[in-house]
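Shared between the two complexes below is chain A, which pairs with chain B and chain C, respectively.
After this line comes the complex of A and B, so read on.
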């Protein structure tokens, strides 16, 4: 029982970790908290589901298409809407209430865009992963294994991209200081778009990975947003390794809570962790230099 | 026109509640003018939303604290009032103050995170708290879970039951106007100035002797009491409440009211509440497009009209004043 719960919590935690990674990436790169990130996850899942069922592509190809599609959508949204707001102060600043309200409005808009395109009934995302793995009395569905493998692979790729490529270096420079990066000849606006696109692609990856477990529906983005935030805050907002660790902590805690305490209140545990960490140690596990008073 | 303004100003100086009493009297015959009960219901909902928007404006517009948990407080108010009425069999007149007090206490809990957090962090904490309320309600059997609570009694005074929108109007309208009156006067007093100081710069407010934490908490408690009052009125107006009445959608609608009206502008938030409620009700048959438009409207208003309608009004008034000053000067020069 315990091992089962931890294993499943770990896999779900990877999903939260991917979303949190995107949120942290946007926060550290663009200095904004993106409240419509859950909708990116939802759109990723929907694009994946549509491609998979309509075009009959293989699951890995579906994955790639969903990632690219969502990344493109994210880039357009950032370029058209958020940049007007954040560029107001002569560059990217820690925008206050405006960007928060803007994010919520955008989340509502995207959710209902999905409502208009795909109606609100939950849709199945039927991917066959084969039989569950059974070791002794541990029962581990193969789809969870897939999640862990794909999520870890994505995280490794992201790490290599950010640490060991020139483009990654440019993104890190941009995150550090936009003015100086610009003076050093880095195309800052492009890097901002790229960062946002990568973050949205990570959310889409989480959506496509979770799709085969749950049904795909337009309201799925909202809860994951708060769980992703909880994960990001636990690890330290803006810290990338922290986001992954935070995701796993939130996932396991939620799974154990649902197993041992009460399944009804499953969704509240993440909120409680979020509030507790914000109150006690707002800088998180991997304490990062906070840009806001926290 | 100017004469009327002058008269109102003099009355206001000598006896502040007078213009508001006149307003209440002016609004009294409305149910006779309305064509059907639905229109009066609409007006009731508008008054309730005005209370919510006014309350949210205190904490968000005047004290500058980003809270997204307001709808949770609204839910607490509605559920407290309903449960007290149903389980203890007390009347609306006891349930309403109970709801206001309980919600005020909950406001302290929502307000405490603001001591240490600001901006997006505070938004996250309050979002978490507000949403926990809804999830807790929809998962708890005692609170009606996903079935909601029905058969909430109508208010009554001495045998007169306020069971129609046209009757309950006479409870909601005065309470709502009283709420606006209190809000206007609080914001004009020392407390209101302290709120603005905290909003504009907490550090210099603290150095000037403003107890920042105290005033943040006061702002949260005040706005929570408004939400509790609105929630209680709502519960007794529709007599059926459900966790889906208190989702994040409603929160965004509320945000839109305050943002459209202009943050930190009482009159603006009233106009915002009226406009948003009317649009919301008129487009009810098309829920998906309705929310599509609302979401986009919030985004575009923040980008292109950050001060909202209130800002436009202020600008219009100040320009007019300026033009009049210039004219006076020109006249003086001509003489």
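After this line comes the complex of A and C, so read on.
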């Protein structure tokens, strides 16, 4: 039972980690705390589900479509709405407040948009992963394995992209200081769009991965946003490795809590962990040194 | 090389530059002098594109560049080194310098320019594997200038490179600017160290209240009574002494 719970918690933790990664990427790169990030996850899941059931694409291809579609949507939203607000300076200023409100507004708008397109009844995302893996007492549905493999693959690709490519270097330079990046000849607006697009694609990936386990529905972005934030904060807000570790901690804690204590309170374990970590280490587990900021 | 006509710029609704006219000749050091908050940095930002000019024209190398994005202007060969000595502290000195070559892909040229930068600033070569975060103020300034040169600019704009540095570091910086000019890069030099700047420069402008208040050959300005009174303390002997060290 313990092994089962940990393995399932790990998989769900990867979902939280992907969402938290996007939140941290946007925060450290663009100084935006993105409150509509849960809706990116929701749209990713819906696009994936629609493509899968309507076009009968193979599950891996639905990823490509959902990631690209959601990234594009995110890029447009950032360009059209957030960019105007960040131009006036963000952070904890009054202008920063504008960005937060704009994020909440965007979340509501996107929920309503999804309501119009897909209506509010939860939709199945029926993917057949084959029989569960059974080793002795351990029962592990393959979908959880698939989540871990895809999430880890995406994280590795993201890391290689940021650390070892010229575009990644440009993004890190932009995240640290936009003026200096500009003066080195970096196309800063493009890097901002790219960062936002990548972050939204990560959320979409999480949505497509969770779809076959839960149903897909228009309010699914709400809880994941809070869990994603909890994961990001536990790891150290703005830290990319921290986001992943935070996600796994929250996921495993939730799974163990649901298994051994009570499943009814599953959603509050994330916050117990959050409060505990903040009491012991207010800046999160990873120091800011490990931020995207080079 | 650089021709600025009637340049107006500011922040939000606050106007800082109220019609600046300025020219910088190819192969020369042109100095822009003035007290705190007179708009020197604003002028450089309006030229490099970090802020968009409200009015007026900026012509670089025969083509208008006003209103272009900063990265476009860098690609045309005009690079600004900002006042803040800002580097990427977690990256090595070498990586920081290399970032300056972001716009280039000519490997040989980049390697040559690395050597050029290290010849101006040997101390950077010594520290090339260290984190940039450990450098002293003077070394940071050298790193910023070196990074700017890595774009292989036709013209480089330096914003108070000698500010907050020890006398020895100030000398090192001015000497390297002299060499940068000799090696064929045009320099626009914003300075508060008026004496050193005028000793080094070919031509100088004094900016005040957002307009050019005075201009002339550097050697004339240094002997000008107004300039002496307002911007140069000390004696003639100080000036000649400083000149000898360049």
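Here is the rule we go by: the second predicted complex is superposed on the first by the 275 of 294 C-alpha atoms of A that agree within 3 Å, B and C clash if a C-alpha of one lies under 4 Å from a C-alpha of the other, contacts with A are read in each partner's own complex, and residues count from 1 in each chain.
Keep this in mind: contacts are C-beta pairs under 8 Å (C-beta built on N, C-alpha and C of every residue); 3 or more make two chains touch, one makes a residue touch a chain.
Not measured: the values here are computed from a predicted model.
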> Of the partners chain B and chain C, which touch A:229 in the superposed model: first, second, both, neither?
Replying inline: first
>> Is A:104 touching anything from chain B or chain C once the two structures are fitted on A? First, second, both or neither.
In response: first
> Between chain B (first) and chain C (second), which does A:187 come into contact with in this model arrangement: first, second, both, or neither?
Replying inline: second
> If you count the residues of chain A that each partner touches, which comes out higher, chain B or chain C?
Replying inline: B
> A:115 contacts which: chain B (first), chain C (second), both, neither?
Replying inline: first
> Counting only touches as set out at the top, which of chain B and chain C does A:177 meet: first, second, both, neither?
Replying inline: second
> In the superposed arrangement, which partner chain does A:278 touch: chain B (first), chain C (second), both, or neither?
Replying inline: first
> Which parts of chain A are touched by chain B and by chain C alike?
Replying inline: 293-294
> Any idea which chain B residues touch chain A in the complex?
Replying inline: 60, 64, 66, 68, 112-113, 116-121, 123-125, 127-129, 131-132, 135-136, 139-140, 248-249, 251-252, 255-256, 259, 263, 288-292, 294-299, 302-303, 306
> Which of the residues in chain C end up touching chain A in this complex?
Replying inline: 48-50, 69-71, 74-75, 79-82, 86, 88, 90-91, 99-100, 102-103, 147-148, 151
>> Which residues of chain A touch chain B once you look at their complex with the stated criterion?
In response: 33, 35, 81, 84-85, 94, 96-102, 104-113, 115-116, 222, 226, 229-230, 233, 237, 264-265, 267-268, 271-272, 274-275, 278-279, 282, 292-294
>> Quick check on the complex: what are the chain A residues that touch chain C?
In response: 166, 169-170, 172-173, 176-177, 179-180, 182-189, 289, 293-294
